[in-house]
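One chain, chain A, appears in both complexes that follow, with chain B as partner in the first and chain C in the second.
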Partner chain A sequence: MIDPRSRITLLAGTRPSTLRTSAQRFGLLLSRIWAWLFLGLMVLFFVVAVPLVSDGAVNFLTIRNTQNILVAIIPVLLLGLGQTFVIIAAGIDLSVGWVMSLASVLSALALRWAFDGGAPLFPSVLIGLVAGVGGAAAVGFVNGVIISKLKVPAFIVTLGTSFIVRGVAYLMSENTTVIGLPAGLRAYGNDALIYYVRGEGGGLYFLNRPEVSGELLRRMDPILPYPVILTACVVVCAMFLLRRTQFGRHTYAIGGSMEAAERTGIPVDRHVIKLYILSASTAGIAGFLSTLRFTAGSAVIGDPLLLSSIAAVIIGGVSLFGGAGTVIGTVIGALIIAVLTTGLVMLNVEAFWQFIVVGTVVIVAVLIDQSRDLITGRQRRSTAK
Partner chain B sequence: MFRKQSLFAVAAGLALALASTSGHAAGKIKIGFLPGVVDPFYQVMQLGVEAAAKDLGIDVVTQVPSTWGVAVQTPILDSMIARGDLNYIITAPTDKDQMVGPLKAAADAGIKVITVDTFLGNGDYVNGAVKFPLSYIGSDNTEGGRISARALAKAIGGEGVVYINSTNPNVSSVEGREKGFKEVMERDFPKIKALGPDYNLDDPNKATQQTAAVLEREPKLGGVFGTNVFSAQGAGAAVVNGGLAGHVQVVAYDATKLAIELMNKGVVTMVLAQKPFDMGYMAVQFAAADAAGVTSLPRRVETGFAIITKDNVKDPAIARFIYQVPGK
Partner chain C sequence: MSKPLLEVRNITKRFGGLMAVSNVSFEINRGEVVGLLGDNGAGKSTLIKCISGVHAADEGEIFFEGARVAFSHPIHARRHGVETIYQDLALANNLDVGANIFLGREVKKRYFAGLIKTLDDQHMLRESRRTLDSLEISFPTLTQPIESLSGGQRQAVAIARAVYWDAKLMIMDEPTNNLGVIEQKKVLDLIRALRARGVPVILITHILPDVFAVTDRLIVMHGGRKVTEKMTAETNTEELVQYMVGARDDTNKDIQGSEGELPLPH
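Moving on, here comes the complex of A and B:
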C-alpha cells in the first residue's frame, strides 16, 4: 500500500524529498541523531557539573572513569546486541537475562571441571567459553524452533524459557554461586591490554600488568580491559553481519513484512531460529565474561539486566514494530545508561534518578521514532508493511 | 615487561593534568558508603555513618543499590573508585567471593576498604585468604544463629520441625546465621528437625509463598527462623495468613517495626536486633583513626545483639535497638 501523499507527488512528477520543507528536513536529521546529541549533552553536563559540585576534587572524563564506563556497559550491551537483531525482525527475546545467568553457571562449572581435571588455565577458560555460549545457544535454538515452527508468539515462548532456564541455573549451581575457580582466572576477566601509570616513575605498559605497589599502584589506570576488547570485537561482527551480509538484509526484510519476505523466497523459519540462537549467544558471552570478572558463576547475575538491555535497544532507535534499527544505536543506548549511573554517583546524587531518566528517554525515543514517520509522511512504514 | 618510553612523553601532558585532579585534600578524608540494598537495616546503618561523619567533620558519599547483587553493586562501586577523591569505602559486600575482585580494585587504587555487616572470604582478615580490608565490623552471625535456635527450641518445647527462610546464598551474614542455627539444633536438640533454608532473594512476597508452602507440606511445623528483615516479614505474614499465629512460632532476625508489631500480636516469639547504627558509626571512626595513624585497630569487631521479647520491648534501654528511621 502506497501512502496517498506520495502518490500525488509522483503524479506531479517531483521526487518526494524535494517537497520537504527545510523544517521537515531538520526535523528528520534531528530524529536520526538525537541519541548521539543526548549522549553528548549528558557527557557535557557531567563534565561541567561534577567538578562544580565537588569543588574540583572529582572529574568526569578521567582515564579511569572512561574505562569504568566501558566495563559497565558490557553486560547490558551484549544482552542488547542479539536483541537488536531479534527486534529488527519484529520479535522479542525476554529470556536473555536468565540465559546470561545460565551461561555464567555453565561456564564456571565446565571451567572448574576442566581445570580440576588437570587442564592448563587457558584451555580451561576456552572450555568454559564453549560450555557457556553453547548452553545459551541451545536455549536460543529451542526458542527459535517453538516460535517459527509451532507459531507461538515470541513474547510467550521466551517468557516461558526464561523461567525454565532460571530453574535449571539454580539447580545446576546448587547454591547459586559456583565458587572454587582457579585464582589465575581473575586476570582474564579484569586485566587490561594497556596500563598507564600517571606521574613520576610511571609510563605505559602493554600486555603485562606492571608489578608495581604502593603509590605507583594507586596511580595506575588499566586501559582497554580484555572483556572490553572481546565485546568490541562482538560489536564489530554484529555491525558487519547486520549491514553487509545477506543475513542482515533478510533480518530487515522479515521485520518489514514476514509475508513479503516469505514470498521473495527468504527461508523465514530457519532465519528466525538463527536470530534467537544469535540473541542467546551474545547473552551467553555476557554470562561467560561475568564468570571471569567475578571469578565465580552466578545463577542470579543477569536477573536485573533484562529490562535495561531492552531499554538500550529502544533508546538506540530499534523499532519495536520491526524493520528498522542499527547496532551502533544499541551501543549508544547502553552508553547512555552507563554514563547516567556513573555520572550520578560522581555527582553524589542518588542513582535511583537513573531509572526516571532512562524511563523518560525510552518513551521519548519511541515518540521520536513515530514523529519521524509523520515527517516523512509514513513512507517508511507504508512501504515496509 | 615491555615498556614504551616513546609514548611516555606524549602522555606526560595528560598525566600532569590528571595528577592535579586526583590528589586528596591533605588532612581531610572522604568516605564512600555503599551498603547492600535499600532496607531498614542499612537505613539505620546510614544514620550511624552520618552521625559519626558529622561528629568528626568527615565528608561521606552514600550510594544505595536498588537491588541486592553483584551486578548492581559493582558498577556503583567502580564509579565510586573512579571519583578519585575517596580515601575509604565502607561497604557490605553482596557476595563473599564475587566481590573480592571489585573491592581489591578499590584497594589497589589506594582506597581502604572497611566491610560492615557482611565480609569477604571467611572474614578473617589476619589469617584468611582475603587480607586487604582494614576491618570487619558486624554481628557474630553464627552466634546470632545459635541464640535464635535456642529461643525457638524453647518456644516449641524442644521437639518438632522447624524451617529456615533465608535471603541469598553465599552472603556471609545470613550464611553464618543458618550455620549457627543448624549447629545448635543438631547438637543440643536432637528431637528437632531443621528444614531449609529456602532463599527468597530479598523479596518478602517470595518468603511468604515459600513459608506458606512449607506450612502446607509439614503439618508438624512448629517454628520458623527468618534470617533477616525480608525473611522474617514474609514468614510472619505466612503464619498470620494461615491462621496459625501462636501455633507456629517465628524467630525474627532484625528488629524492624513490622517484626515488633508481629511480636506484639503473638506471631513472633523473639526478635534479634543487630546494631547497624554501631556498625556505621564505628566504621567511620575506624577510618578516621586509621587516617590519623592509629595502627592497632582490631581487624574484626563484633557489635553484639539486643534480644527483644514481649517482656522487655517496653524498656527504653531495649526499645532503642528497634530499627527506626526518623520521618519514615
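Moving on, here comes the complex of A and C:
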C-alpha cells in the first residue's frame, strides 16, 4: 500500500531555505553581538555615572579598577571555560564549584607538605598545582565514566559527585582553613608583571614589586597580575581547542546530534569522559589559584561561584541544548557579571541588586537565543541529558 | 556479468517469537538500482539492518565482494564500503557541509612533529566542493550550518559524504520521504548519478512512482518473506500493489522461486 503521507508530501512545495529579509538578517546579527553591545553600553554607563555619583572623586575605567575586574573574573571564568565545552556537548557539570574547593584544599595540603618537607618554594608550588588539578581531574574522570558508560544523566551524576566532593573537601581540611603555607606564596598569587607608580618619584617596574610605602604605595597600580596572565593563557588554549582541533569539532558534533556522532564513528564515550576531565581541571586551576591568592586552602571557596559561572556561560551564548557556543562568549559573560558587580558597588548601590540584574540578563540571554531559532526556523529537540 | 557485489543467502532474523525476516536471498550487482518494496512491517528495515551491521542475522550468510562477511557494527560495514543512509541522515545540523562530510574522519594539519594537530578546514572545504561538483550538487554556501539547508539538500550532503568515502554499496531508507516535489526529483537524479558511477543502490521505499522512475529491478517483501523479484520494466503498479498487500505470492506457486528464470541485468 502507498503510505497516504507520501501523497501529501508529493503535493507540498519545497521548503524555503536560506532566503531571508533584511529585517531578519539584522535581527540575526543583533542576536549574535548583543552581549558585546550590552557589555560596551554597561561600561559606558558606569564611566559616565560613577564620577557623577561621587562628584568626580572616583572614575570607573582606572588602571586599578580594570585590574581588579580582571582578577575578580578569574574563578568564575575558569569554572565557566570547562563548562562551556560540557554544555556545548549537551551536558552539564554541577560539580565544578565543590571541585574547585577540593582543589584548593588539596593544593594547600600538598604545597605545605612539600615545603615543610624541605622542598624549595617553586617546586612546592608545582606540587600544589599537580595535586589540586590532578585531584580535580580524577573527579572529572569519575563523572565522565558514570555519564558515558553507565548512561546516568549528567545532571544527576554531577549533583551526586558535588555532594561527595563537598564531604571530602571538608574532611580533608578538617572543617577549617588550611593555613601555615609559606609566606612567599603571596607573591605568586598576587604580584603583577608590571607596576606603575603614578606621579612624583614613580615609574614603571617590570617583573618585581617595588619596595614602596606610604604615599607612593597608594599611587602604585599593578598591571597584569600573574593569575590573570595564567588565566589568559588558559582562555587562549580553550579557544584553540574548541575552534581549531578535532576535539572541538567532535564537541560540537556530539552536542548537535549524539546519534550522528556515534554513527560516524566518533568515540563518543571517550570524548564525554575527556570533557568532564577538562571541566574539572579548569575548576582545579581555579582552586589552585585561590590557594595562591589567599595563601590558604579553603573548602568554602568554590560553591558560591557555580551558578555565576553557569550564568556567564549562558549569557555568553552557549546553548543549554548543546551544539552552539564559543569561548569568547563565556569570557564576555564573565566580564558582564564582574563589570556589573564592580560598577554597582561603585555607585553605592546595595550589592544585592547585582543578583537581580544578573538573573534578568540570564533570562534575556536565553530569550534572545530562542528568538534566533524563530528567525532561522530551526527546530530544537530537547536533549535527554 | 562479473560476480555480484553483494550476495545474501537465506537470511533469517527473529525477535523473540516474531519472524521478522524469513529465509530471504538476493543479489546486488555493480551499477544497478534495486528497489526494496513492502508495506510497513514487511521486514524491509530488519533485512537492511542485518546487512549494514545493526542486527546480526540468526541464520544465513552474506557475501560482499566475494568474501563472507558478518558485520557486528555499522562502523565495520562502512569501513567495507556499505553505506546506509537512514531518514535522519546522521548529520550534525549545527556544523557546515565540509564538517559533516568529514565528520569523524577529519583531516588534520600537523605542527611540531605532530604534537599539535589542527583541523585543515581549507582542505576539507575544497574536497567537499569537488565531490559536490562531481555530483552536480550546488549550494549557495558551504560554510553555514546545514540546519539552514532544506531536507533534500541535507540528503545530498549525506550522499556526497558516502561518495567521498568511496561507498561501494549504498542503502537508502525512504530517501524521498518528507521532501517536496522538486527535491524528490533531485534525490532521484542523485541515485541515477550513483548508478552511472557504478555504485549500486538499494532503495527502500513504498512510493511507487519513485520505483518506476529510477530502479532497474525490484524485490517485494511481505510478512518477512521475499514474495517476488522482478525487472522493473516487466511489471506495473497494479501488480506490485498486489504483491505488497499479499494478494500475490510467487513463493506459494513455485517453491524454487523465480530467480532462475529472471534475466540478469546488464
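In the analysis below, the second predicted complex is superposed on the first by the 360 of 385 C-alpha atoms of A that agree within 3 Å, B and C clash if a C-alpha of one lies under 4 Å from a C-alpha of the other, contacts with A are read in each partner's own complex, and residues count from 1 in each chain.
Assume a residue touches a chain if its C-beta (ideal position, glycine included) is under 8 Å from a C-beta of that chain, and two chains touch if they have at least 3 such contacts.
Here the structure is a predicted model, which means the values were calculated and not measured.
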Contacts of A:Arg263 with chain B and chain C, given as first, second, both or neither: second
Which superposed partner A:Gly323 touches (first chain B, second chain C, both, neither): second
Residue contacts on chain A - larger count, chain B or chain C: B
Which superposed partner A:Val71 touches (first chain B, second chain C, both, neither): first
Partner chain in contact with A:Phe294 - chain B first, chain C second, else both or neither: first
Residues of chain A that touch chain B when the two form their complex: 51, 54, 56-59, 62-65, 68, 71-72, 75, 175-177, 179, 186, 189-190, 196, 198-199, 202-208, 210-211, 215, 217-220, 290, 293-296, 298, 300-305, 338, 341-342, 345-346, 348, 350-352, 355
Contact footprint of chain C on chain A as seen in their complex: 1-3, 5-6, 9-15, 17-18, 244-246, 248-250, 252-253, 255-257, 259-261, 263-266, 323-324, 376, 378
Touch list for chain B against partner chain A, complex: 1-5, 7-8, 11, 15-16, 18-19, 21-22, 25, 30, 61-67, 69-72, 74-76, 78-85, 95, 97-102, 105, 108-110, 168-170, 199, 201
Sites on chain C touched by chain A in the complex: 39-40, 74-75, 78, 88-95, 99, 103-106, 108, 117-119, 140-141, 144, 147-153, 177-184, 206-208, 241, 244-245
